[in-house]
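Labels A, B and C are assigned to the chains in the order they are written; within every chain, residues are numbered from 1.
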Amino acid sequence: MTARGSAARRRLVSSIMTGACACAVVVALVPLGLVLAYIASKGIGSLDLAFFTQLPKPHGETGGGMANAIVGSLKLIGLASALAVPVGVLSGIYIAEYPGSPLASIGRLAADVLNGIPSIVVGIFAYGLVVLPMRRFSAIAGAVALAIMMVPIVTRSTEELIKLVPASLREAGLALGATRARVTFGIILPAAFPGILTGILVAVSRIAGETAPLLFTAFNNQFWSPGIDQPTASLTVQIYSYAISPYDDLHRQAWAGAFVLVVMVLTISMLARLATRRLERMRIG
Amino acid sequence: MTLTRCSLPAAAALFLMGALAASAFAQTVQLNGAGATFPAPIYTKWFSEYHKLHPNVQINYQAIGSGGGIRQITERTVDFGATDGPMTVEQIQAAPGILHFPTVLGAVVPIYNVPGVDVELKFTGPLLADIFMGKVTKWNDAAIAAVNQGMTLPATDIAVVHRSEGSGTTYIFADYLAKVSPEWKKSVGVAAALKWPTGVGGKGNDGVAGQVKQQPGAIGYVELIYAVQNKIDFGTVQNSAGKFVKASLAGVTSAAAVAVGSMPRDFRVSITNAPGDATYPITSFTWLLVYEKQKDKEKGKILTEFMRWMLTEGQKMTEDLSYAPLPKGVVDMEMSALEKVK
Amino acid sequence: MLRKRGDDGAFRIWTGLFALLVAVIVLGIGFELWRHSRLPIEKFGFGFWTGTDWDPVQEEFGALPFIWGTLYSSLIAIVLATPIALGIAIYIVEIAPSGLRKPLAFLTELLASIPSIVYGLWGIFFLVPFVRAIETAVAGTPLHRLPLFSGPPYGIGMLAAGLILTIMVTPFISSVAREVLRAVPMAQREAAYALGATRWEAIKVALRFGRTGIFGAVVLGLGRAIGETMAVTMLIGNNPQVSTSLFAPQYSMAAVIANEFSEASGDVYLGALFEIGLVLFVITLLINTASRLLIWSTARAPSRRPAPVKPAAAEAA
């Protein structure tokens, strides 16, 4: 902060450095632009009706599609949410309602730790936990792996959202003689709901793009997967196996898949963002 | 607020309906198999055709490499495995009651991507061993030129591409190299997962083919159909009679003919470097791994029905994909062995 | 507490159970990883981490190449990403005109939303040929003789993996650094300006104030880079060797698990992979805890920020 050298020199340094920061922004946006442009140009051109409606063809034949992979991904996301949302919301409620208790601190810490665990490690854990005892790769195993990754996000956002609900609401309910449970589920949760939904959507957008935890759990399938106890194709794993193959047609399908995946993830993120903005407007207004 | 309130239950209901509809597939029987990428083109073709004939049977095959096939069938997380490297004694002990059933014959070819070279290169066994051990590092090395007289090769670095995971294709290739190069046998050995002296690892036959296709100067080894389908150059290999043979149905069938007389009861046999002028030296059977005692009787029945179809009708489809059908003698042996699987 | 409201007990117990479940999951993961690692731990002990031989045939497993590859690629990512991420954060918080702030923040978040597999796909078809071209060009110069740039120009290898990690890690560091900078009190900057500082000098004051948090952001990025699997697996070359060369194909901890887990036959081989998973678990645990402590010391988490002052009317039922 001391004046070193002439004022003009200091101003020059300032201009250079602020310019460098602007450059950093450009440098970061270049790969973003390249990636999005590549996906859009190669992906859109590769989409055809067959992609959405057909099953993969035998190894090496051209044509076919990722219909089962798209449905499989949706199934996995749905199952994972069904598992993660109750766990995340209820644990978030506890941590928010009893913030002083040791269990709340443990829960919060555990959620943070869970958030940072690499997805491949979660995958091998789910293999040991579900696939081995069941003696089968299955959609439920994949869903368990994805759910484990969703829980911390849902827990934290539930906790934060419930804390934001004004204390007066809770106190009013309790004063009127309602039980804690009634107050939480009848008053507080509905008030916090848009924010919690945002948290769920953020969690979904995170796992929708995951590949590693599915490699040893949901495995893959060339056909439709009946029920939830069979190996399931997923968009991400399919893109992976096509990307490293030598067949040009499979590369084409991989781009199409990547395009669909990116659109899916961005749409969910967008929805989450819209819900956040709505929430902020509700709070301020 | 009402919109979000209504949309969530609506979405849940939709999903539930979809799940119920999906589980209406319940009368379809699904068999799951995993293993070798070497025969993946013909296996997936078979399963697809079989599904057309029997729409309620879905056989899902995932090509994750022979190592994966052996491991998953050992843990019984799949209904059958597939491998091109026969299980070792220890592996069989870990999976009591496992049976090997040969399905087709295939060839492993040396693929390469040398800038400016579009013709067939010749390779001797020891030369291949030296390249893959990292002792020959440039394409214009004297050792390569000695075998390929009259050809000018560029000074590009040789980029070795091998398998990153346990692979039957690796096993076949290493099995051949150990027979023709004592140094390979001593320093690298024969197994599905090797400690490679050099190179990059590709995942599956696909990964190796893909890597070689994109990398100038690369050399790798894949099953014949992968080179053919992707129009990747592959060279001729010198066989035990001294002739340079390009992999083809004829060369593979010639190697198989040798095996018929000496096929052991458990079908675990190596036919690399087989005798004969027209024999292609890097040839092998590939096997399905099936338990003698099937835990799920219904699935066991469907599996054996498929295998009988595979040994008769299925064998007619192999040549289109450059795999050689099994010799009749072997088919007969297998048919009787299948009786044991219940 | 349980007896205070007669029917509160059940609520507290049930929700408490779920909070406990989260902790049980974490402990369960750690326990499972440890349990499956017992064999190689007994067999190799600490030598597992210094050995360089990854030999499934001989059942000799040394994991040094994977640690090396993970740390090397992550280091490249951090070295390249930190200045860029900080530059972005500074620009958005301190320099950009207010209309540009939201769109720029949005675009950096976009970088973070792209799935890892898509980065891998783009990496194979765009980044690798690009890196190969650079490597071929360098190979023609005297630089090629340096160990850092030695080896054939594969394209695939440490450099490609490091670059893709850089791209993936930048938005994480940047968004946390942004939060940290925003939490720096305006008074700090105003004091600097009052004393005649230039723009950059005032920014330096803010950076200084938030340096612990920014360091935490970098550590967070490191944790992210260490755990990244798919994009690295597709670009790093899958060769378990310890090499200083950027051109050399190498291996990382997450990549070897992804490639070899489904087919590691034999209890020792599988156990070795689980042990690598265990170490990944412990490392990311430590890094994330450290980064969180560092970040919270400067930037207060949103729930701890003093609530905006609202007129009493808004609060009344």
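Just so it is clear, a contact is a pair of C-beta atoms (placed from the backbone, for glycine too) under 8 Å apart; a residue touches a chain by one contact, two chains touch by 3 or more.
Everything quoted here is computed from the prediction, not taken from an experiment.
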*Which chains lie in contact with each of chain A and chain B?*
C
*More contacting C-beta pairs: B-C or A-C?*
A-C
*When the centre of a chain is set as the mean of its C-alpha atoms, what distance in Å lies between chain B and chain C?*
37
_Between chain A and chain C, centroid-to-centroid distance (C-alpha), Å_ = 16
*Mind pulling the residue numbers of chain C that touch at least two other chains?*
124, 262
*Return the residues of chain A touching two or more other chains; collapse runs of consecutive numbers into ranges.*
244
*So which bits of chain B are touching at least two other chains?*
34, 202-203
*In their shared complex, at which residues does chain C touch chain A?*
5, 7-8, 10-12, 14-16, 18-23, 25-26, 28-29, 32-33, 36, 83-88, 90-92, 94-95, 104, 107-111, 113-122, 124-126, 167, 170-171, 174, 192, 195-201, 203-205, 223, 226-230, 234, 254, 257-258, 261-262, 273-274, 277, 280-281, 284-285, 287-289, 292, 302-303, 308, 315-317
*Along chain B, where are the residues that touch chain A in the complex?*
1, 4-5, 8, 15, 18-19, 22-23, 25-26, 28, 30, 32, 34, 40-41, 43-45, 47-48, 51, 58, 60-63, 75-78, 202-204, 206-207, 209-210, 212-213, 225-226, 229-230, 232, 321
*Quick one: in the complex, what on chain A touches chain C?*
1, 3, 10-11, 13-14, 17-18, 20-25, 27-29, 31-32, 34-36, 38-39, 86-87, 90-91, 93-95, 97-98, 103-104, 106-107, 109-122, 124-125, 127-129, 148, 151-152, 155, 159-160, 163-164, 166, 168-169, 172, 174, 179-181, 184, 205, 208-212, 215-216, 236, 239-240, 243-244, 251, 254-255, 258, 261-262, 265-266, 269, 284
*Can you check the complex and tell me which residues of chain A touch chain B?*
57-61, 71, 75, 78, 131-132, 135-137, 193-194, 197, 219-228, 230-231, 241, 244-247, 275
*Using the touch definition up top, name the residues of chain B that touch chain C in the complex.*
34, 64-72, 74, 90-91, 94, 137, 157-159, 164-166, 189, 191, 193-196, 198-203, 211, 214-215, 217
